[in-house]
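We just call them A, B, C, D and E in the order they show up, numbering each chain from 1.
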Amino acid sequence: MPDTLTTPPVLVRQNADRSRPSTAEWLVGATGRFGLVGLLVLVIATFSALSPSTYFTVTNFRLILVNQTVTVIVALAATLPLLAHYLDASVGPMLGLAQGLAVWLIAVRDVPVWLAVVAVLAAAVAVGVLNTLLVLRFGMSSIIATLATGSVLMGLLYLITGGRVIFQNVPESFTGIARGDLAGIPLPLLYLLAIVIVLEVVVVWTPFGQRMYSMDGNLRGAARAGIDVNSYTLRAFVGAAVLAALAGLLLASRIGSGQPAVGQQFLLPAFAAAFLGAAVLRPGRVNMLGTLIAAYFVSFTIAGLQHLGAATWIESVFNGVAVIGGVSVAGLAVRRRRRLAVRHVERLEAEHPEPPHPASERDRP
Amino acid sequence: DDSPSADGPGPVDDAYTAKAADLVEKGTGGLLYFEGAEADLTLDKIKKYQDWSGPTESAKPVAGARLSIIVCKIGTSCEEVGRKAAAIAQQIGWSAEVIDGQGTPEGFQKAFATAAARKPSAVITVAIPENQAADGIRELQQSKIPVVGVSAIKEGGSVGFDANVSSRETFQSVLQVTQAIAESKGAAKAVFLWDVGYPHLVEALDTSRRVFAACTGCQVLEVRERTLAQAGDPIEMQNITTSLIQKYGNDLQYIFTPYGNGVESVIAALQAAGRTDVKVLSKNAEPERLGSVAKGDQFADFGAVRGWNAYAAIDQVVRLLAGQPALPDAEQGIPATIFRQSNAPDDGKVDWNSYVDFAERYTRMWSAAK
Amino acid sequence: MSGTPVLEAVGITKSYGRVRAVSDVSFDVRPGEILGVVGDNGAGKSTLMNVVSGAITPDRGHLLVAGRQLAPHTIAQARVAGIEMIYQDLGLSDNLSLVENVFLGREWTGGPPLLPILRKRAMRARTRTLLESLGIDLYDMDVLVEGLSGGQRQMVAIARALVADREPRVMVMDEPTAALGTTESRVVNDLIVRLRDRGYAVVVISHRIPELLELADRLLVMKGGRAVHHGPTRDLDVERCVQLIVRGADARERSAH
Amino acid sequence: MPDTLTTPPVLVRQNADRSRPSTAEWLVGATGRFGLVGLLVLVIATFSALSPSTYFTVTNFRLILVNQTVTVIVALAATLPLLAHYLDASVGPMLGLAQGLAVWLIAVRDVPVWLAVVAVLAAAVAVGVLNTLLVLRFGMSSIIATLATGSVLMGLLYLITGGRVIFQNVPESFTGIARGDLAGIPLPLLYLLAIVIVLEVVVVWTPFGQRMYSMDGNLRGAARAGIDVNSYTLRAFVGAAVLAALAGLLLASRIGSGQPAVGQQFLLPAFAAAFLGAAVLRPGRVNMLGTLIAAYFVSFTIAGLQHLGAATWIESVFNGVAVIGGVSVAGLAVRRRRRLAVRHVERLEAEHPEPPHPASERDRP
Amino acid sequence: MSGTPVLEAVGITKSYGRVRAVSDVSFDVRPGEILGVVGDNGAGKSTLMNVVSGAITPDRGHLLVAGRQLAPHTIAQARVAGIEMIYQDLGLSDNLSLVENVFLGREWTGGPPLLPILRKRAMRARTRTLLESLGIDLYDMDVLVEGLSGGQRQMVAIARALVADREPRVMVMDEPTAALGTTESRVVNDLIVRLRDRGYAVVVISHRIPELLELADRLLVMKGGRAVHHGPTRDLDVERCVQLIVRGADARERSAH
């Protein structure tokens, strides 16, 4: 309705300093946004300097990048519902079920690979729908609903595998999915790249992301703004389950077997990456690239520690400290930036004791 | 006291029971070994160790090899074996380093990646199942780096180790049931509180059940499956134990377990229920379990001579680097022993060298080779 | 006041447990007309209008939009039918920026058909001009709305209703000037009149009776969940109106004597 | 300020039916509140009927009750911060560290038992303070802060124990804490009883609980109502850590050894019990007795399933289904009750087509 | 207007990043006096009063309560000093019941000294009479406040300020009647007068200028974060007041010509 309003003169101007931000402000802001990226570079540089012959090698980087793909995809899966502050604790178990189910179908039931993949994805969609139903229809808090679903999935995984590793008759056509190369780039990395690009575009470039955020801020308000809350919740949970299933397929194809108890251990790293990632790029908002950077930051550091022969417990401690450090540095940067802006305004005011009156334009006829 | 429970069937003093009793007697404080494939084990194939049962011919170690040794998890007996192998390698002029596998498939992946980045001459893994590290193994094999799996059996998946050195898990399990058969004079009633999540444990379960079934007066009350995660959950293990106690009452006499994890919770639950008469058997001779056996809380534990497998692993590497075929696992000849309250060390530390001087045998063999 | 009603509500009833919020209320509003809704606190005004906008499902009753039945319906369906509402609680998402709140649910997008890329710059500019035309000039369009003053928030909620991509036929405003200053209120009242003049049906809930009597063409007075009056404002003055609010149907009867 | 207001006549009466609730309404309400208690009784009755000689015995009940004490105490620990919707994921690791640290101090460092207990509790207080700092000062979301703390704690546990079980030199004076009886009642049950009574009184009878809830509903609002938000957050996290440490001490004393990897596995059952418990007694609000009932409901059922020799996977599936069932039944009961009330009002209205006018009293002078 | 000020604010300044919400504002209020605060939306009224109540820490400036300095201070300290405030956003906890909200933070307790047991029944009864004396009679004191109408919520927030266990010396009300109906507003205005008559200093922020001019003894007019007028209401009429709000200090200067 553009022409409903014949623009009258502005009545009230907000009293604000409208000059450009200072370099210091800009720097502090950038630190908050790109601090973790910088830290990642720093970490790689440090470890490369410390063990140049083993850490700073193409093989090592390649392996770290490839090994982490499964964890990163699960982290991305966890990030999706987290946009609307839904905690999906079933992504780990969904990964577990996916890898077990796929290998069982292919190796035990002799189902063609493509059909098994379709079946696993169908199962993932069903799990996503179930989570949505529990959260929306039964009004359960997302974490409890997905913990419960996850428990059921782990049970089903045990049931399907009979508690045993399935490792016989896994065909090359299945293991080939994850083990090949394309133009020298390992396939898992290409898959990850494709997933990240799609998610980043959908979440950041289209209205999807901000609509999901709005549900976190005010679910009822979002609904009243005409957002189909049910549909977005469904998309988030189904998306998360499907991503987790893809991660599971990738894992099974890489390992070439179906494990009866894989799943829960992915939860912590996934959520840590998602939350740590929320401190990057768009501080305060979980986001896909942030999750990716956070996950790789942690894994490059841990690989470096391992190259230096650090003790096992260090990894666990480091994980915790990295998250605490990352999140709080980003938080501090935001606050510091605000304080710098205030000081800037104060300085200006001190220079011009009576600033141009907010409404002065209007007063001069 | 050694008498079986009153309401069970009477002692069946047949030849099988006598054989079992004989083996137990020889194996307590002494060593037992077997011939043939581990999966086909029967009581008849088990012998008292007298003479050297290992290999007698090998190759000359190549000069200047570098090893990466991936252990299942630092702080366990895996690490002990890994460190031992590293020491042996250094003795023959090689370099070696130990990498932590952190006990999970993801940890194994990371460790394999670290190993691959170092481009070693060969890799030894300790207690890492083939199926959980298949991609890592394949990656190394593609770079022409041989991989020797210690404490790992041939699983028959699409990717396998270049050579295996078993740590006699199946053998130890068979000794577990043998102990029970002997102790109960052929009337044992037992629960297998087992983990079937690992192929080598499935093999151990199948074989030991077969051996146990040959005892006519014995009875498997139940095979109760649980996962490693459950074993690590003290409350879960106590619940399971409680349910077994309630379900079988005084019929419950023996509990077989595949590893030390969670056994202390089982024992705590038995003690809480006042059932100190139930005998818990475990294997792998982990120090805390041996301590528990020495204290009388746990009935018995079993172990294959540790350190021997480290030599066997280096020997496999020696052969592979020399271009020879690997030694089949059945010919490793690693013996095992039984720990009871009488011979278990209080502090859990076993001086394996005092049983047999395998180190001297292997060194001599290598220096003798051309 | 020409023509047939664009919106007709028939026998709307809604209870919350034992509390009867709205009890068998019917009303209508015509294109080019402002319908004022008044009543005590808790009289059921917001509940009734939330039923109209689809935010609440009534226990009984239905809506007719331009003669066609629309009930039970969702907010999205109501929007398609041309019903737009500004809620009393504003319904802003505190963790979104000002622009994002204004355009929430109907962002401007470009790009290929299946890939609606946000046109952030355009939306930011539009938000600025929209707010300026509502009389306020804010420094930062990317500030989170939680950092806005009460009246600024109200303006954002109003701006939100004005970016509808299809022209609404019915605009419902639940106490749109409650948090506004005198001059800002005037701007909004002007806006309401302009909307009416463009042929919209505007429903305004307000407690500022003198203002409303000037503004509205007809009045719906509610009391204890019931409609006690529904008719042209020219029959009413402030005193009479307050009587109706306080005494309900009785006041009407008494005056009939 | 009681006499500031000279009571004027009431101006506006809410239009509501003020008769007593019907029996049906009352029944549905009670189902929501006490449904899980009923289900618990039903479960016990069913399993007792199925295996009367083994399940329905004093020994069995005693053992189930005692085995579960540790889990229940951890669940209570998780419930405390959950009152204000803080998710404390560090209770499991805190339990782990407590049991490892206690045994290490006593058995390896020869510290007297009382001193070790004091040291463990001091460590717990420190952890609680750390969590509070992260959440309040650094503005981290509680789940990520406590996941990070938990990761650090697990690392420390590994460091202390060196990754091995500590089993030697654990004195009777320590194991006696959990293994004894008092008047035929096992000590752990008495400890649990004491903890539950204290928590229930503090949370339900004193202002503590509702102040914590108010922080969930509107943190800023609560602060403006004069509630010392910092102090309550601190009390919740410290309380949770101390409770978890007590659970750890109890576990170590029962098992008689210090485990290097115990901790994380308590998280799921603890949160499941806390959330499931929120569906009981005071529907929608987490509460201490509810957590207790929920935890025992799950454990009695699982014990029953184990008696019948159910497959391993059933336990996992059941856990999930129980939580889903429990929470959704309670939710449905609340909604059903509301609908019954509406119908009641409708009926009344149908009987008296024009009900007494809401303001009629005032109109008759 | 007798005696010395009970509350004096000196040079209060507060910025949010580049937005200057309050800029060097000083004012005072005396016992037995009603101080009205008016100004455009975003003029800084709420920010200023939140500084007074301790909810916001100012960048500069301080408070004197009965001559003693009180800054920087917390909400709890302000309460002890006798400052009570009703916030514009009401600050209710939607997941608590009506009674719990009214008594939040100062529940009535009995029982042994270290075990303050809630006196739920007594609080429920008190809440009922309190709300009735404010003119509204609600069915269920245990209903969650999220189920209340806009005006009912406002009443709950007002009731909350009235259960202070120590008599406040300064009562600050941020747009207390914004969501109230005509009759309900009157009750609250009566209440404000009664509070003044008991010797309290009452600060009322409002956009209803005519009402405020009748009610207040003195007026503080804000514009763009600055105080542009601070003086007795008898010098002002509605027109003059609106002038001040719109034109700020200039209006004063012009009239001085």
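One rule holds for everything that comes next: a residue touches a chain if its C-beta (ideal position, glycine included) is under 8 Å from a C-beta of that chain, and two chains touch if they have at least 3 such contacts.
To keep track of the chains, here are their UniProt names: A, D = Autoinducer 2 import system permease protein LsrD; C, E = ATP-binding cassette domain-containing protein.
Remember, it's a predicted structure, so these values are computed and weren't measured experimentally.
Student: Which contact partners do chain A and chain E have in common?
Tutor: Touching chain A and chain E alike, sorted by label: C, D.
Student: Tell me which of C-D and D-E has more C-beta pairs in contact.
Tutor: D-E
Student: Starting from the Cα centroid of chain E, hunt down the chain whose centroid lies farthest away.
Tutor: Between chain E and every other chain, the largest centroid distance is to B.
Student: What is the distance, in whole Å, between the centres of chain C and chain E, each centre taken as the mean of its C-alpha atoms?
Tutor: One centre to the other, that is 29 Å.
Student: Quick one: report the Å distance separating chain A from chain B, using the average Cα coordinate of each chain.
Tutor: Spacing between the chain centres: roughly 42 Å.
Student: Using mean C-alpha positions as chain centres, tell me how far chain B is from chain E in Å, no decimals.
Tutor: Computed value for the inter-centroid distance: 76 Å.
Student: Residue numbers in chain B touching 2 or more other chains?
Tutor: Within chain B, residues 73-75, 225, 227, 229 contact more than one other chain.
Student: Which positions in chain D touch two or more other chains at once?
Tutor: Expected reply: 11-14, 16, 18, 158, 163, 311-312.
Student: Which residues belonging to chain C are in contact with no fewer than two other chains?
Tutor: Within chain C, the residues that touch at least two other chains are 16-19, 40-43, 89, 136, 139-140, 181, 183-184, 246.
Student: Hey, which chains are touching each other here?
Tutor: Here the touching pairs of chains are A-B, A-C, A-D, A-E, B-D, C-D, C-E, D-E.
Student: Spell out the part of chain B that touches chain D in their complex, as residue ranges.
Tutor: 73-76, 222, 225-227, 229-230, 232-236, 238-240, 242-243, 245-247, 249, 260, 264-265, 268-269, 271-273, 286-288, 291-292, 346-348
Student: Note which residues of chain C are touching chain D in the complex, please.
Tutor: Within the complex, chain C contacts chain D at residues 15-21, 23, 40-44, 59, 223-225, 246-250.
Student: Spell out the part of chain A that touches chain D in their complex, as residue ranges.
Tutor: Interface residues on the chain A side: 87, 134, 138-141, 143-145, 147-159, 163, 264, 268, 271-272, 275-276, 311-321, 323-324, 327-328, 331-332.
Student: Contact residues on chain C for chain A in the complex?
Tutor: It comes out as residues 53, 55, 75-76, 79, 85, 87, 89-96, 100-101, 104-107, 109, 115-118, 129-130, 132-140, 160, 162-164, 167-168, 181, 183-184, 187, 190-191, 194-195, 198.
Student: Quick one: in the complex, what on chain A touches chain B?
Tutor: 54-55, 57, 59-60, 63-64, 67, 70-71, 158, 162-165, 167-168, 170, 172, 175, 178-179, 254-257, 259-262, 264-265, 299, 302-303, 306-307, 309, 311-312, 315
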